[in-house]
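Notes for the one structure printed next.
A, B, C and D are the chain letters, set down in written order, and residue numbers restart from 1 in every chain.
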């Protein structure tokens, strides 16, 4: 019964509370809908012309409907003030400190996710649109000392497990939307804006599920449907290993 | 109609054969001076479909210095001095997308000639042509085996092709109103066949190292022109 | 016999309106939303901009001021033309409406001279957000004024016949056109300080 | 349509398309709108082939679309996007709104308030032709190089700014449609305020008229925002401005050479400022139609007429301050999102009030299951599903997983398709005798109803399953390449087959409609024994509607009045002091 909604796997620390709200809202929906349906069926049988040839001019005299309306309103108030607003505030205000998190820049473009790690120095290099080229989609200025060790990948996001991930999301061209269903996050990437998104991955990938999917949720052109990225959640050690590999191949190409 | 067409074709071949008698080949080599840069590996993890198609590493084709110290993928063409009109051949130029790479990377074609773009990969490619003079187009080919036919109606050197899904994919095409162009091969050689005698400006174009030009006089026996990149 | 729509001439007692008057007010409400949306866009873009030029540095304030005065005067002549109809003085009406018309055309001439001056200096809508806003909003305003001029030209040319046929209906029409004219005038009075002076 | 006084000397063919009679214009609107509805539906059926069988050639008709759109019958992603954008545009702007406002509003409002015509008949004709012009403009975009608009019906820039020529045509079409809507709404509001018959006070207006009244204001005040936005986007596309383009964009590897400094979100704000009231433009007239049918077929007054009216007014007002709930994921802070969540929750209350009032109206009735009544009854639970599923979308936190997934599509289609479209069908069956003097066939009507009900749900219910699984909307392959979507993909086939069967069940309707115009059973003028004024006119009503104009003595739904022999007491029936009916509150 936990997952009667058929929600995807939850692999993040923040997913449970979102799922709880979803389930709660859907309980309200079911109760109301089933209530209305029963009422409708009963009325249609009881007051069909054959059974009730003469209609009552006055109709219902009691105030049940007002109670129902007040009930719904109250439930909505609870959902809003008890769950949605505080949880949202946590999403947008309680952003983890950069030193405690894996900080990544993601710059969306038609039709891929450019992923940018600061490298061992923890500092992101300067980017400039005039430096953008086929092999430098971010326009990273490799002459900037902070950029020397920066790692960029396309569609390939790696994160250590159980450590908050803080993504600064933006876009190069049109509006995209970063959707990672198993992490219960989704955020529009708006050109001209940098928006932080954060979550805590709690379930590492394994051989049976080597990666999680990253999807684009906002129509971005003909390749929108396959703007697919891969998220690999791994242990801190494997993650460090992967970073090292990337650094090595970076050094080789320079 | 049919007979008229046949007549045209006959006349065309007649003219061509007379040209061939008096025309020579323009041959040459593009040398590379200095230390050859290392090949740049392309990371294809961004699309697992692409990565699976390759066993070894894949290298970028923007700068390829051949073993004999010559430069591959230089587009060579007659820029000035070509007289007469040359109609486009009916055979299409094929641009294949295979293993998430364009084949060929650098090529030439004539104005009005058909460009047949083929997807040999089981993944989406979109062919985004970014010309300045001609009309740009952007066509998706979601499935393996899909073909698209396009052509250009103005000469333009070079037209860039890009795949927005795989940002490492690019190709360049020189569109000309005559057939006198070639691309340097894995030995650095190029061969422009059947050039009518005369004096021409030959231009070479390389993706990273830019253009060079040279005046060349072609006789019935042909001519030679050698280039050195990067520009000394 | 023509079918008659009630209250197209006389006022409806419980609403105190005739149809055209309500219609034009509703139309103006819609126009308020149109320009309101544009003014909001202006505010949003301006607040979001890193820097915003001073209008006076780019635009020709004297010409703008002259245009403002022209429109205000035209509004006065417009309203007077209507009151002269109420006083059954068609000749005076015609004179005043012609003046309004002339002033409207004069405004457009000055406006297009300004545009041409901008273009000669290479200032096009694509140049900056300020220029984009300036050309779009004044252009849309000019189109509205042009619409008013066309309607007034129609009244000037065919007015005599309609006046003879049905003076009350004609007066209503002039009143409605006048309301529209004042609205277009009002938009300019907001646009002028917003674009030229700040 | 027959009128001896004004039409006697003119040739008939000219008359229909240049007639200023509100009924003729209403019928023109209706047929044009139904054609667009069919077109929009056909587009959707094509898309459903692609979703059910991604990358397989469209059978039979695949070769019609040419190499640029569907080589070998296989739909290209860009063509899919064109179809998607045009499906939405056609359905909303060219199909449903013109039908509920242009057709139903135009035809019924003057009749129901006892007026001879609309207040501005010529303007009325003009708004119809602007609508046709807008429609043709939108359709012609399919033949532009690069095809029709393909940035979704929402046309978000920068995508729409850099899109192909079709987008320009889309924008011009929208400007025409906005002008058409504006003229139409001015006409409807003025008509309702000015031309009410003697004794027709505001609280005696049929609920349908109230719905049209509020709808008129929504169209009048919301559309200009989109018009302004369209002008700005046109400037971006044609004059090279950058209202919606920030600085530093790089498109396909090339830096975009524009001045920059614009904001993509500005478009979204302007667009949704229109598009949320637009949702109520789609639904309010439908509620009005349903209310008329329900009252008539339960043979009792609507329960809580006054509260319904107040709820509608409140709804109309609130619909202007909820728009940003479409934009929760654009980086909104707690306070702004809190405000829009609160308004969204508040606006759900009047909707519930109206729905509950309609439901409770059934209690104590003597319910006749006529064909229009079946559609009206089905509307209630279907609209209920649509409304309720809006709840998790209106709360930011549950919007995160559901935003831009199939859940959203399911949500608004439940409101518009088995909601509004069912009301439209019900309305057509209900007022057909008034339009033609004949009734539509009941057997065909019932087949149409049963099939539509089953397969509408077959199309839209699985969307909730896909949405909860996290499948994004607007995907060419329906999500086939994503791991997390694999276990729900089979629903695509189910939905597609439902859609095609739904089409099959529209055939009885189309046959019924055309057959009944000439061959339907002749019926008397007040066929349904209804109380509202349109039934006091002859069928079809002549040009000028009433001779003389009627006078109104009571509320609109005086059915089964105690102490009166017949079970309906028309609004215009005078019965002296003895039978003066107390106004119902």
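For this structure, a couple of remarks:
Note that in this section a contact is a pair of C-beta atoms (placed from the backbone, for glycine too) under 8 Å apart; a residue touches a chain by one contact, two chains touch by 3 or more.
Note that the structure is a prediction, hence the values are computed from the model and not measured.
Centroid distances from chain B, each centroid being the mean of CA atoms, peak for C. Here the largest set of C-beta contact pairs joins the chains A-D.
Distance between chain centres (mean CA atoms), chain C to chain D: 34 Å. Separating the centre of chain A from that of chain B, both taken as means of CA atoms, is a distance of 45 Å.
With each centre defined as the average position of its C-alpha atoms, the distance from chain B to chain D rounds to 54 Å. Taking each chain's centre as the average of its CA atoms, chain A and chain D sit 32 Å apart. Chain contacts: chain D has residues 76-78, 252-253, 263, 476-477 touching two or more partner chains. Multi-chain contact residues of chain B, defined as those touching 2 or more other chains: 124, 138, 140, 142, 162, 164, 167. Multi-chain contact residues of chain A, defined as those touching 2 or more other chains: 109-110, 134, 137, 221-223, 225-226, 228. In this structure, the chains touch in the following pairs: A-B, A-D, B-D, C-D. Touching chain D in their complex are the following residues of chain C: 1-8, 12, 15, 17-19, 22-23, 26-27, 29-31, 33-38, 41, 44-45, 48-50, 124-129, 132, 135-136, 140.
Of all the residues in chain A, the ones that touch chain D in their complex are 5-9, 17-18, 21-22, 25-26, 28-29, 32-33, 36-37, 39-40, 43-44, 47-49, 52-60, 65, 68-69, 72-73, 76-77, 79-80, 83-85, 87-89, 91-93, 109-110, 129-130, 132-134, 137, 139, 172-175, 177, 179, 181-182, 184-188, 190-193, 195, 209, 212-213, 215-226, 228.
Those residues of chain A lying in contact with chain B across their complex are 109-112, 134-135, 137, 153-156, 221-223, 225-230, 249, 252-253.
Only residues 76-78, 81, 84, 150-152, 156-159, 162, 245-253, 255-256, 263-265, 298-301, 303-304, 329-334, 337-338, 341-342, 345, 348-349, 352-353, 356-357, 359-369, 377, 380-381, 384-385, 388-389, 391-392, 395-398, 400-405, 465, 468-470, 472-477, 479, 481-484, 488, 559-562, 567 of chain D touch chain A when the two sit together in their complex. Interface of chain B with chain A (complex): residues 38, 40-41, 43, 45-48, 60, 62, 123-124, 126, 138, 140, 142, 162, 164-168, 170.
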